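Two complexes are shown next, each including subunit A; its partner changes from subunit B in the first to subunit C in the second.
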Partner chain A sequence: MNLLPSLRSILEELTQRFGTQLQHAPAPQPDELYLHAPPELAGALCSTFYKKYHGRLAAVFAEDARAAEHAFFVYYLYALDAAHGFVLVRVPIPADKPEMNSVTDAVPAANWQEREIQDLFGIKLFGHPNPRRCVLHDDWPEVYPLRKDFDLHTKLPPFTGVRHKFREVEGEGVFQVPVGPVHAGIIEPGHFLFSVAGEPVLYLQLRMFYAHKGVEKLFENLPIPHCVRLAESISGDSSFAHAIAFCHAVERAAGIEAPARARALRTLCLELERLYNHVGDIGAICTDVGFVTAHMHAMRLKERVLRVNEELTGNRLLRGMACLGGVRFDFDADQLRALVTFVDDFEKEFNDLVELIRCNSGTRERLETTGVLTPQIARDLGIVGIAGRASGFDHDLRREFPHDFYDQVRFTVPFFTEGDVQRRMVVRREELFQSFGIIRQVVGKLPAGPIQTKIGEVPPDCVALGFVEGWRGEIFHWIHTAPGNRLARCKVKDPSLQNWPALSEAIMGNIVPDFPVVNKSFNLSYSGTDR
Partner chain B sequence: MFETLRQSLKTGVVTTSYPTTPAEVSSRARGRPEIDWEQWKDARPAAAVCPTGAIEFVDEPTGRTVSRNVTLDLGKCIFCGLCADVDPAIRMTNVCELAACLRDELRHTAQYRLNDDGTHHRLLEAPGKPETLETVGRQLRASIQSVLGRSLHIRQVDAGSCNGCEMEIHGLNSPVYDIERFGIHFVVSPRHADMLLVTGPVTRNMELALRKTHDATPEPRLVVAVGACGCSGGIFGRNYATCGGVDSVIPVDVYIPGCPPNPHALLHGILLAIGRLPPNAPRRNDSDAQRIKHALA
Partner chain C sequence: MNVDLSAAVAQTALLLLLAPLLSGLIKNWKAKLQNRRGARIWQPYFDLVKYLRKDMVISEHASWIFSVTPGVIFLTALSAGLMVPLVTANAPLGLFGGAIAVVGVLALGRFFMALGGLDPATTFGGMGSSREMTIAALAEPAMMLAIFTVATMAGSTNLGQIVLAGQEPGWKFLDAPHALAFAAMFIVLLAETGRIPVDNPATHLELTMIHEAMVLEYSGRNLAFAEWGAAIKQLVLMALLTNLFFPLGLAPVVTPAALGAGLAFFAAKLLILAGAVVLVEFTNAKLRLFRVPDLLSAAFILATLALVSTFLFR
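Up next, the complex of A and B:
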């Protein structure tokens, strides 16, 4: 496969610097650069991509290849936005000595993902600032679920509830406020421990992975077509985006592409998903500062989108719509007309909602300068999606790496540098206005033709990367296929996993009562993080 | 202030009158799959495409012939409709009110005598009518219902769901469904609650938290399991990280199938749990024809 010129020049520079230790492996796509490197180079490579090429660590994950290659592989996936390509560095870890050096000090974005590898593969981390367990809580026995010799249905001893030791914050008048995992609202499980002195938060510790359901292991145990439905259940609010990211990966592995009409319909559904989530979030942010009327209008609007979803795809969360090679249901002329009418009408109502919020100066006062995430911290933590765009990271996969029908439509990507709750809300608002335009353009130039490309059994031992800019941010699925239409590995990377640490930074110095609104402004998926 | 008033007046009332009127779901919505048990020729294709094992069968030799027990389990179904795509005997209806008091009510089992090639020769036993079971469940709950009376406080517990169910539960608080019109409130603590509305699958990491929440809820209390994962573990089933459905950890009073159940289905299940479904409300076993008749009446 011909490598993109931009990636070729990077490869040449790297070869000059690292010599023969670095091997170039054939990659499935021209915008992907696959490198094999020895473990001792991992740190240097990671900081080179991060600092020199302004790459973004999109994912770190491992694979148990002991059967075929007598080693574990650790992969570092970098997105190089300027070069319009991805780099995947594969590092072997000897099976008899499962240890690796952490790159977190050089690239802070690796933090949680490295710990996840340690938990799930039993590869011991050295040099990590906080190498404690994360995915498997403290009472778990010494098991490594993503190793091939661990059975999905292993029955573990019952939960004993070993207490997690949080870091201690001490000082005069400092006390701890524990919250969760069962929260006061209707939200997902997670534990937040606030260390506060009076009202301001000194330090927030997060303990996640309460919703760990063994999803990545489950992917290895299902036939590929069933995996699409599993992908829909990774994070309910991003059902369609996750399913399509997975479909992209499988389609690339199989060497097929969804027909133009299917790509256009996928784009419509992705925008509908953005619509209902963004409007819901705008309302929820308002309610967290006491402006319930706006929330009620937003909920009403969200319900309208959910009903449109049901009318178009048979499911309110767009489930069952995605399939390998395209989509399952076509939209007829009446449905498309109704969709455009709906968007026109919805835009009017949404304008009203925007006006309502604008008129309420109290809301604005609460939101501005609240929960600030500075661009520098956002960059270090690799914050993506809405939160990234509110904190100076001008990036959107739909523009940088257009998938589906996004290369056929015009839209702008809003971005700000203030990084407060207000800007995270405004990013959503502006994206909604862009979504209206995208939907109209797609319907206007909807290609005729089939909605599915036939896909047979996916060839074994192929690797492929699928990605989608979901409403929350970029979603990656990396797959390695196995014989019999199965998967040897599926890495799922939801933007939430990357973005959670940002919450700890953004809340620092803010008062505890502002936590709900700051949390809501990120609205991260617990299930997408925990899988 | 004036803008707020203007918009509220302009919007008017948007609240549904469900359950006195039928659920407002699209005719294209995928709800309960309906199987033509008499005409069903072969369960194998549907079982093969079902991602959650909601359609399963066991073949057993009986004498010289082989019989097959096929089960359609609505507690596992995620309503994707893939079975209906491959099997003309299965049709997806838009019936979403599927809540039941007993887990077994969600399982529909039929028995077939098989031909040599594994296709169905004839129907030996059609799925039983589950009403009798439901009557039992209702009687068991009558005493609780009399204590809880007309007001109900709910604590929602996410024991590991994908957040799809949470989104729809949120919808109950929207002005469209407005669950408070029934005197039902979501409360912030299990200590204030009469009912736990639990989504699943219950993960190993949430098991203790769920048990503690249950213990903290004063008796009499009701537990409602929400969604395919809450009812059975759904697509996740039981594995090293999940315990499966809610009833594998705490006793459950009502099961609400769906992936996720829409707000109508949730309301139906909650009202069923407290015995407050109006007598003329569309019921679980209504056929489409009855529903239409009801809508016209």
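Up next, the complex of A and C:
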């Protein structure tokens, strides 16, 4: 057992406190600590990790293990940034009495994910403040798609169930403004219900999961090598990050590591993904306050990155680049030189764009103090990624859990506490400047060697966690392998799922016409949330 | 009242034909400045033809108000246009009440547009109407005061008389009352034509819309008339600004040479003003909605100062 010393000391403290109720299951990875606990301990462990070890509840998910163990398992994934380790608490839920106690009251970050478990596994929640339907909308019949006895090809009869009842907000002059689920522009479906008194927003209710595609179920029905392409399509703007997170998980389960050159190339691609998304977002924020000039320049810059992506990997969105055990294409010396030249040139142009935006007082006036997400709320909701870093929640997997080549490069993680739209834009801006440096450093010390490690059949019944700090925030893929190079379960955690509720909080007290820019400053993925 | 029929026909044709071109020109220039190629300047004509040939989709909850509104918008803009001197010093409906009638007729159009936004009871139309009224409440008085300033200087509220007074020797274009009133009118122009920093005519974000929100429910022929009306209104307001403050070159008599010169001067002045509007749109972000009244209050104060200064500088 080669557990990290920091995790080992936590394990010792927990064993002292909880005794034999808590069992430690060995895992091959030094930064993953698996604990088996009885259901009644879930809440106590949650507050211990949350309060004592300043952990974040990074994911809550379930697994149908009724065939082998006669129980469902619910997993609580804690990311302990200070200890540089992950703790997974596994709690059995008896198959004949599928009920669990909610931890949402103590840790609001678990809200949607617990309801997801209720919808998809039929495990009834107790003590949840709002235990209503979430993934499967209110009109769905009583089916639990992620249970093993639900066949992938099940055709449900046409159903017309009840419509979702939104909470009513009443008062003189208060009225409801429904927006969506179909929007103007090329975006995905999501329903926003504003309760407004004139222009100020009193309350915003979100209804997502219109684009639920059953991705996690699909993972269980594909051979593992095919799953990489599926992971790429979870969220279009994070194709590469999702694919790499999945590859990490499989590689860890198989006990191999991608060669150094592949890890460096992966880092380059992750930063390119960050580049095109961040510069696009900065432009989009500007257009939402009517400063179209900056937007047009940003779009031009974004297009340049997309073309470089295509030049390097054959795909503008970096699809098809990731593969198990490494990457599929190598960059030759000319390409690398061109990449560095591009970054130098891009940085110059990006500086001009930054200056253009900075000197426009009207834009600044619109962005500052708009859509404030306070550090307290960000912490409670477990907000991750850029939105978290703009609201005083300082964590970045690239620094705390360096994956790929990030332990070989130097960079800083920009971080603010104001939590307004301006800061969410500035975090992106500063991260871009860091990205330029990361790309230069990686190219400078790019190791020679192969770009793939052969990966055979992945051994069955292994669990592993794959993680990547994508441009939007941390992405987790947790897998449990099955015989025949397949998966028994793959949990996908996109940062959007965690961050959507923040929008309701950030918009409170702002006016309706500022909503688009607040929304854009988070720029969350519908597809990644809905899966 | 004396209406010159041929002049009325000619001016109507000019308004109808020139208005879409002006919109197309502004859009094209904006695109050029933003590093885009942009649609050709004739695009609004093609759009209008396209709308006119399309079917209309009308909400079953909409009443007759919804259907008459585009007609009212179109006709009020057109009749206001007939009261404003464009190429000649005398407008075809010049003796019909002058400046006050222009403002009043435009207000009628706006009133119906707001009703048309409310009528189908959709989410965004009502928001647009309420915002439009908030803005109008400040923009209209500013416009009135600015026009009164010029009228006081000329000694008449008849727009033709104002123009003729402006063409007399010794008339100062850039004295304090005129400069202040022009600044006020320019801000009003931005607000009335739904331009940045007040409204964004190119946005797809319904939640931020003002003018566009009110016409969001319209389609087909109705949309064509609403858009055409809005374009004409823009032309009328810009003509007011150019010809009232700089009545240079307006044909005092109806001869082919004078008309040609008048048309050339009018076009040149419009191009300069359109350029100014484009520059404002290009360099500014939209104001936060609750800051728009601040801008319009500034216009109102400028116009008040202009009016006061007419008596000081007399």
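Heads up, the rule we're going with is that the second predicted complex is superposed on the first by the 527 of 531 C-alpha atoms of A that agree within 3 Å, B and C clash if a C-alpha of one lies under 4 Å from a C-alpha of the other, contacts with A are read in each partner's own complex, and residues count from 1 in each chain.
Keep this in mind: contacts are C-beta pairs under 8 Å (C-beta built on N, C-alpha and C of every residue); 3 or more make two chains touch, one makes a residue touch a chain.
Keep in mind that what you see is a predicted model, and the values were worked out from it rather than measured.
Visitor: Taking the superposition on A as described, I'd like to know which of subunit B and subunit C A:293 touches: first, second, both or neither.
Guide: So A:293 meets both subunit B and subunit C here.
Visitor: Name the contact category of A:326: first (subunit B only), second (subunit C only), both, or neither.
Guide: neither
Visitor: In the overlaid three-chain picture, which partner chain does A:303 touch, first (subunit B) or second (subunit C), both, or neither?
Guide: The first partner, subunit B, only.
Visitor: Taking the superposition as given, does A:143 touch the first partner, subunit B, the second, subunit C, both, or neither?
Guide: The answer is first: A:143 touches subunit B but not subunit C.
Visitor: With the two structures laid over each other on chain A, which partner does A:233 touch: subunit B (first), subunit C (second), both, or neither?
Guide: So A:233 only meets subunit B here.
Visitor: With the two complexes superposed on chain A, say which partner A:177 touches: subunit B (first), subunit C (second), both, or neither.
Guide: A:177 contacts subunit C only, not subunit B.
Visitor: Is subunit A touched at more residues by subunit B or by subunit C?
Guide: Partner touching more subunit A residues in the overlay: B.
Visitor: Who does A:385 touch here: subunit B (first), subunit C (second), both, or neither?
Guide: neither
Visitor: Looking at the overlay, does A:501 come into contact with subunit B only (first), subunit C only (second), both, or neither?
Guide: neither
Visitor: Check subunit A for residues that touch subunit B in one structure and subunit C in the other, and list them.
Guide: In subunit A, residues 184-185, 293, 296-297, 300, 360 are touched by subunit B and also by subunit C.
Visitor: Taking the touch rule as given, give the residues of subunit C at its contact with subunit A in the complex, in rising order.
Guide: Touch residues, subunit C against subunit A: 30, 33-36, 123, 127, 130, 196-197, 200, 202-208, 282-291.
Visitor: Can you list the residues on subunit A that touch subunit C in the complex?
Guide: It comes out as residues 177-179, 184-185, 198-199, 286, 288-293, 296-297, 300, 360, 362-363, 365-366, 370, 511-516.
Visitor: Could you list, by residue number, the parts of subunit A that touch subunit B in their complex?
Guide: Against subunit B, subunit A makes touches at 137, 140, 143, 145, 150-156, 158-159, 161, 181-182, 184-189, 209-215, 217-218, 222, 225-226, 229-230, 233-237, 239, 280, 293, 296-297, 299-300, 302-303, 306-307, 310-317, 319-320, 328, 352, 355-356, 359-360, 525-527, 530.
Visitor: Using the touch definition up top, name the residues of subunit B that touch subunit A in the complex.
Guide: Per the touch definition, subunit B meets subunit A at residues 3-4, 7-8, 11, 14, 24-26, 28-30, 49, 51-52, 78-82, 85, 92, 155-171, 173-176, 186, 188-190, 201, 203-209, 213, 229, 234-236, 238-242, 259-260, 262.
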